[in-house]
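Next come two complexes built around chain A: one with chain B, the other with chain C.
Let's turn to the complex of A and B:
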């Protein structure tokens, strides 16, 4: 089934019936190898919407700005961040119409640019065909290898959304996902403290403090960010590896138990810092310590806003062994 | 080098021997009073801890801990009431959750687990407070300075 066609029909009906005031979706960008987000209000504009393996961006980030009630096109992974916003009362369930799309995976940002088989200028379209990603170019059709997909797609357990009002792409509705795989975290854990410090300081020496990670994050909704706060000045805008690392740590800590590993921060980073590793580490610990998997149950309380009497005793405490 | 010069040199070296800076966030209802009792009971412990009094261990924002490390602390200690004894009923339960995750994150970026500690210590446990400070100071002395401010690799 053609998802784009299906999506356009649904969007048009929703807008013309007045079920929603606006719809956030993807439309073709200036070049055929990327898509851009679109917020549409007119039923006629629905014809511009598409959904392809280039639909990488998590559109949930735009929800706060759109006219309500708003329809939003979400993949299974994006849905988790929407569930988190519902949990934290940032949007009411009645104000959002979830247009879920089944998705076989999306391409990495640079997958098409660096493919030796064709030039970016030759690309005509990118389509999903029975779970495989095909690139249609002027010199023929090419199937993309699995490692051209985003890291999160390769270990994805939410190909079909599990909570939606409309389902695009047909198929069975998804099941609530289990904890993700947290790729790459274990390799870092095995390093010695000195190696870890050297690794992260090297990574964060690249950071230019553009805050693109924060802007792209669907869960960064604070009116005033601690990074911008002037009094007290928690972090300076100084570009220095240690300052950069601590500034990021604040954000990472803030999203512990909320971050749904959508990978938007890493995708938005212009200098390629592997931010997902840090966010995944926080998510992994929250899951291991408190058995909480964010973005699954809209009724659940986020892990850091609650406690249980039987929580594990802090690993650093003397705990049982009294001095 | 004359004997007097040599003696002066060793004395100077001793004077400048590195001492860890430990920031201690102490709950005013228990650990702070415990530290006070340690003082009035003449229990000795290393003078390396800089005490910051907080209303509850639940008041300690992980930001405070990060800030302490950023500003040159070699170790951070958070001490509060034993679970179940919180003056505000549940502050230390929240602290336990938060700081557990923070500790894992700190470890992940290469701050040794010995450098951050959450500890339960009641107002009567002066001896325990002194033992904790002694233990932390000893551990951190072995690890050496952290000093992320000046040393790129440190």
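Let's turn to the complex of A and C:
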């Protein structure tokens, strides 16, 4: 099934029938190896929408400012952040039309640039063909290897959305997913505290405090971020490894129990800090401690806002563990 | 720039012996904003307070920092002091140099360094303080008493006598509690029922007291002066307005089950009144055993009732009441003596608990007061009492003394002797604890006049042999083993907290100790108050107590409630949470974590006309716990008096 065609038809109908006032989707960008987010209001603009293995962005990030009711194109993984926004009263269920798309996985940001078989300038199109990703270039067609997909796609359990109003791409609807696989976290956990500190200080020495991670995060919806707050100045804008680490620690604590491991922060980071490792570690801790898997049930009470008698005491349950 | 005065207290030698207070004052003089600093022996004394007042005038101070003891002790003292100088009480800040510094170390040098840091933090916080004011709040002058035993009855009567309405909630079908189960009472040997039932009747007749029996408190919301309580009145299956209490229903009921009131020594029917003097003296149907409910058959009680008062389809009734004070008087449970497996495997018909003994010797009990061996109905000739069963025993997790067992055991030996002049009565004890008016004399009488044979030592084993129970123990005074062939063994079961005490504590927001007894606010100086305003403790729910102590604590808790009701209004807490609505994104995390339902979701208009949802805190309901401020990711909630800015300044000062 041609997902893009299916998507365009659905979007056009929704807009022309007035079911939604705007739709957030993907359209082709300046270069054939990137897609860009598009917010369309006119039924005619639906023709520009596409869904390909380059549909990387989590479009839920744009939902708050769009004209309501808004249709939003979501992959199974993106859906989790939408569920969180529903839980956190950032959008009403009646104000959002969930256009779910079945997805076999999307490419890493640099997968096409570094492939030795072709030059980026030769790329004509990137398509999904029966679960495989194919690059069509002026010098032929190439199948992309599995490791060219984003880390989260390779352990994905939500290829089909489990909550939607429209399902693009056909197939069976998905099941509510279990916790993500938290790829890469185990290797970090094996490090000694000293090694971890050295590793992360090295990583955060790269940070230029551009805040792209925050801007890309679908759950960073605060009217004013505490990192921008002047009174009190919790964290300075100074680019310094310790100050940088502190800024990121604030983000980790603020997203623990909410972060759905969509990977947008890492994708947006211009200096390649493996932020997913940190956020996945926090998500894994919350899941192990409280059995809470965010982004699944819009009616669920988030782990950090609930107290249950059986909640473990951190002292005893984390005592002696190498965090 | 604020003009801050710093005063360092020696607290006699409590602080001074470990902290160089002069050095702390000297260091404080260099802190930003500090224009005056001094140290003194007792800052809380009149001369100490005058020193503060003089310095405010002389140096034109507008912020005061005192480095002394815990704020929970003297913050109000110093707030009142600065208020005398027309400064807002919230311009006062306290650094705890005693509990958090001098009492935790002997290292004078490091303690002094830490004290300087604590004062530096307090100065930084004081520099950012804002004037705060309280609002006045109404008080609902009505009390809720949870538990209708002697403590609850006494507290209810005292409050009602003073002219205020009381709601008395009891989960059993009758009020009366443990005292109703007892035969005679020490040290005067008057009959328990004879002195209790007049009080039960008085409570029932008092127009200021509303009694809900067979009812439980299901939820408590609100705060001191303004609680809202949800009470579930379980379906009694009886129309109380029609029932005359004639008793024909339970005479005819065919179902017999063990009676909880009789501690299992007797039986009751499926429709029953727990004991003859019950208040209200109207039955209740136990739906778990009634044939009508279990098998859909029978219906004899309804057929026999001349008043047509049996209502099988009655439903639970849930009512809400507004009250200003709550008195918790839920009493105690008995230690489960079956846990002592060395005592005849934990159970034997002729081995009974002290409370079963009370029922078996009671004229209204299942044997009409004729004490007989439960196994064969024979008169016991040798009776062994064993004290401290589930008391003073670390292995059982009950290291505490239950306080009442020495006295009731002495009483029980006297009661036995009166029935059986020739019986042999033995008591195994660890120590005899008889501190109380006329208590020691009473116990001596049991030993000397009533010839109870007291043996100091523990019992290691009890086992049946023929129709006897062999009690093996040791006499630690004579240093030799003892073996007694007993007809009846009475175990002085210790008192423990109610099995569901923790649940009630959680519902009320009060604390429990390591044994789940409810905790008082201060062991010595606030013995009947809890840490939650407006909630008081009475009787054995706090710790094992005998009747006189229960009644005393009940009257004390009533006095506390009445002191509250005597006020025209309450001053609300000034240190409440406040949302900066312009920066609130409306995620409502604050609403989820607020334990006082003080947060609501409100719609506000943007300047461009758009509608946004934001959180708002009702300052009259907020109790200043700060949970919302901590939950707010955007940091747009400030706890006044502890604003984010003040805390950030403290952190910065600590990191200097």
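Definition applied: the second predicted complex is superposed on the first by the 315 of 323 C-alpha atoms of A that agree within 3 Å, B and C clash if a C-alpha of one lies under 4 Å from a C-alpha of the other, contacts with A are read in each partner's own complex, and residues count from 1 in each chain.
In this section, contacts are C-beta pairs under 8 Å (C-beta built on N, C-alpha and C of every residue); 3 or more make two chains touch, one makes a residue touch a chain.
These numbers were taken from a predicted model, which means no experiment stands behind them.
Asks: With the two complexes superposed on chain A, say which partner A:304 touches: chain B (first), chain C (second), both, or neither.
Replies: Both chain B and chain C are touched by A:304.
Asks: For A:290, using the defined touch cut-off, is the partner it touches chain B, chain C, both, or neither? Pick first, second, both or neither.
Replies: After superposing on A, A:290 lies in contact with chain B but is clear of chain C.
Asks: By the touch definition at the top of the document, which applies to A:230: first (chain B), second (chain C), both, or neither?
Replies: In the superposed model, A:230 contacts neither chain B nor chain C.
Asks: Compare chain B and chain C by how many residues of chain A each one touches, and report the one with more.
Replies: The partner with more contacted residues on chain A is B.
Asks: For A:242, decide between first (touching chain B), second (touching chain C), both and neither.
Replies: first
Asks: For chain A, which residues belong to both interfaces, chain B and chain C?
Replies: After superposing on chain A, chain A residues 226, 234, 304 contact both chain B and chain C.
Asks: Where on chain A is chain C touching in the complex?
Replies: Residues in contact with chain C: 88-90, 221-226, 229, 231-234, 254, 301-302, 304-306.
Asks: Can you name the residues of chain A that touch chain B in the complex?
Replies: 188-189, 191, 193-201, 226, 234, 241-243, 245-246, 249-250, 252-253, 256-257, 278, 281-282, 285-286, 289-290, 303-304, 307-309, 311-318, 322-323
Asks: Would you tell me which residues of chain C are touching chain A in their complex?
Replies: 582-589, 592-593, 601, 613, 631, 633-636, 644-645, 647-649
Asks: Which bits of chain B are touching chain A when the two form their complex?
Replies: Where chain B meets chain A, its residues are 62-63, 66-67, 69-70, 83, 90, 93-94, 96-105, 107-113, 116-120, 128, 131-132, 135, 148-149, 152-154.
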